[in-house]
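Quick one: the structure is below, questions incoming.
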Amino acid sequence: MSIVLSDISKKFGDFCALDHINLEIPQGELLALLGPSGCGKTTLLRIIAGLERADTGKVLFNGQDMTDEDVRNRGIGFVFQHYALFRHMTVFDNVAFGLRFKPAKLRPSEAIIRKNVKELLALVHLDWLADRYPDQLSGGQRQRIALARALAVEPAVLLLDEPFGALDASVRKELRLWLRHLHQNLHVTTIFVTHDQEEAMEVASEIVVVNKGKVEQKGTPSKIYDEPHNDFVSRFVGQTNVFHLEKDDAHWLKSAGIVFDNPQGVTAHVRPHNISVEKQINGTESAIVLKDWQHLGAIIRLELVKDSANGAGKTIYAEMPNDAFRHSALKRGDKVSLFIKHAHWFN
Amino acid sequence: MHAIVQPSTKPLTSNPSTTIRSALQEPLWLKITLIAIALGFIFLFLCLPLLIVLFHAFAKGVGAYWEAILQPDTLAAIKLTLLTALVTVPANTLFGIAAAWAITRFEFRGKSLLTTLIDLPFSVSPVISGVIFVLLFGMQGYFGEWLRDHDIKIVFAIPGIILATLFVTFPFVARQLIPLMQEMGNEEEEAALSLGASSWKMFFKVTLPNIKWALLYGVLLCNARAMGEFGAVSVVSGHIRGLTNTLPLHVEVSYNDYQTVGAFASASILAGLAVVTLVLKTLLEWKQGNR
Amino acid sequence: MSQSQIMPGFRPALGFTLVYLSLIVLIPLSTLVFKSFQLSWDDYLRIIGSKRVLASFRVSFGSALIAAAIASVFGVIVAWVMVRYSFFGRKFFDAIIDLPFALPTAVAGIVLATIFQPTGVLGKFLLDTFGIQVAFKPLGIVIALIFISIPFVVRTLEPVLLEFDTTMEEAAASMGASRWQIFTKVIFPNIFPALLTAFALSFSRSVGEYGSVIFIAGNLPFVSEIVPLLIVTKLEQYEIEGATAIALTMLLISFLFLFLINLLQLWTHKRSGQL
């Protein structure tokens, strides 16, 4: 099912949650709505679901106007942030809920319901938990049951609100990959909301960055990361060093011996891995010092400061591969030269 | 960190762990005294009254007890009390659910005022709760003449008793449900809707199972008050024996007539009701805690 | 928490709530106000200012104040014992604390009168040993109101004590505080707002209490006649105006208290950071 949002706006009192959102989501996409908390991404998801009504604008499913359609008739599956499993029902009954409460004409027989539910539980690898109650499950298990429950009604669109937000780091990692693989098998149009850029990059095939009720950029994870449209996207997705060429940074950069060859704006954003660091032999040219470094596994993060700044000045972060760092034989306190390999320019 | 080991000169009793323990717990003698005070107080004020009811109810033997209970006036009072509860409890339960639904599931202007107004009857003296209905429907009340002309009796009759009871038991159910449903949020109900459930199915399959213990709790307290209300009902009832006396009023009338056994026999029924209420209440609290 | 616009049943639920609230509570209560408007200001002051009425207010408020104070002291002890100590039968005693909520006031009234009358179990003991007569005196009213107040105090304090963060006590102990210092400087300040609320709750309930008081009070005008009883007496003597004026005054005082209690609870919540 393809989804088109046209000119969606929504206010809560004086607060403008969504400001003229336009978005097209093709059939079969796995899309992340990414943004800081309070940016309106959850509201947008709920409007797509029909759990919330937009003040203006239209929601189209496969070209069909769904704006005023009830949540029950939209053919969506919704996974709530805190799962919203029915506490008084077993796992089996939770998953069967949507099938059992279909109108009599459309309701499958109890035997088919049993078969379907069993298959779904097998799909989420939790068939052995059918008779448990939600209270007896771990967070990750609840999450998967909530997903199975949403899938039971064979939705044309699957919507997930911060699906991994309440989980432990290790479970989260595992479920992210699992969701991605599940999507590859089912091919159902899927939209999930997250504030975690790493999660969006890892799971989604397409990312929509939302801020203050507006879409900042839409694109594949690599586009978003490598070609950010604006200052916000560049800062929000991945780490970056920000240099203002016109403000006091200009003098600072000059004295530090950092040169931008070809300025294309007033603000330069430089990703840490786009700065290469070399040890200076004669130590007179540069005033940049390696203050500290941290081992992050495959890469090493370097904290660089200007010598005379005494910690009060700017800190520049650079990253280099583990083995390159070992070859460079850098130590804390070493004077270094920096080479900017690539920068994003904004005005 | 390494402590420098020194030969201990302090006596064993003041080593730090003992000091801390004594700072975290009362000495045994104080504990026992406090428990004794608390239990003595509870016994004198709460247990003794229950025992006294039984003692006086059966003071002249089981025969006299049954005789007192089987009196037509007593039976009529029991009937009226049951009738009152049968009307008021369902009405206020329905109201409680509707009010809690409106207040916890929607945003609207004046919501907190509405919540306060619902609690209002709790802060009104029972006597005043009766007086207002006399002012409305009594002989000198606003509708007094009209009612007399149409030969309808409300005050000093059963409708008045029911109205006064409705008033005093008004907040019980709503008050139990509102905080619970607020805390629950509506995610589960939204989930049910997103799975295609109809409004009624959502309510009966998701909402009701989640609030059932709190609902029963509210109904239980509402019922106890409906059957036991004295002040409000006494103002509107007119104390007509066999006709407008509820059981608590019957207790008063018998007591004032020095029919001790009669008064305490009726009182024992109400005390029994109170004990049953307490037992069920404790069970429900346990159920709610276990949820 | 977000409120959904898609939840069904807003109009019927709110409509029924408002109609029912108006019919059962608001319209009857407003009668009292409208009826009072028929009185002139002078009439009102004459009724409220009469010696018997003033005396009854003194009796009602005085005894409610004393009862709430005594109930607060014992309530703290009972709540403390129930929450902090474990002993045989604790659950039973804890459950029975709600008895005054569940026991019809008329029953409480005749039982307390029977116990404390000069020939009663405790009445005789108190009269013979200390020469104190309880029943048919203002002291009797206080006793009945303590009975009514206990659950208010205990049930308000228990959750606060239960949720009390005991690591605060451990912190104080680690800094060398004694048990008494911990209680007065750490525990008591934390339960004080709740205690104040409990006091106000039991006071406001006690002022309006009728059933459990009238049997034990003796109901002597100027001495042991409470306001609610005076309202009933006036009504029975067809002094509708008098009853109305006194009732309205009572009602206004109750609302003042309701407001006060709400403020107190707000304060308590703020202090415990739950707002």
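Letters A, B and C mark the chains in the order given here, with residues in each chain numbered from 1 onward.
Here is the rule we go by: a contact is a pair of C-beta atoms (placed from the backbone, for glycine too) under 8 Å apart; a residue touches a chain by one contact, two chains touch by 3 or more.
Everything numeric here is computed off the predicted structure, so don't read it as measured data.
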Centrality ranking, top chain (CA atoms only): B
Label of the chain whose CA centroid is most distant from the centroid of chain B: A
Chain A-chain B separation of Cα centroids, rounded to whole Å: 52
Whole-Å separation of chain centres (CA-atom averages), chain A against chain C: 55
Whole-Å separation of chain centres (CA-atom averages), chain B against chain C: 14
Shared interface positions of chain C, touching two or more other chains: 4, 6
Junction residues of chain B - those touching two or more other chains: 190, 193
Junction residues of chain A - those touching two or more other chains: 50-51, 71
Residues on chain A engaged by chain B in the complex (per definition of touch): 49-51, 71-72, 76-78, 80-82, 84-89, 97-98, 101-102, 149-150, 152-153
List of chain B residues in touch with chain A within their complex: 187-188, 190-198, 201, 205-206, 209-210, 291
Chain A to chain C touching residues, read off their complex: 46, 50-53, 70-71
Chain B contact footprint on chain C (complex, rising order): 1, 3-4, 6-10, 12-14, 16-18, 20-21, 24-29, 31-32, 34-35, 74, 77-78, 80-82, 85, 87, 91, 93, 95-112, 114-115, 121-122, 146-147, 150, 166, 169-170, 172-174, 176-179, 182, 204, 207-211, 215, 227-229, 231-232, 235, 238, 240, 243-244, 247, 250-251, 254-255, 257-258, 262
Complex contacts: residues of chain C adjacent to chain A: 2, 4-6
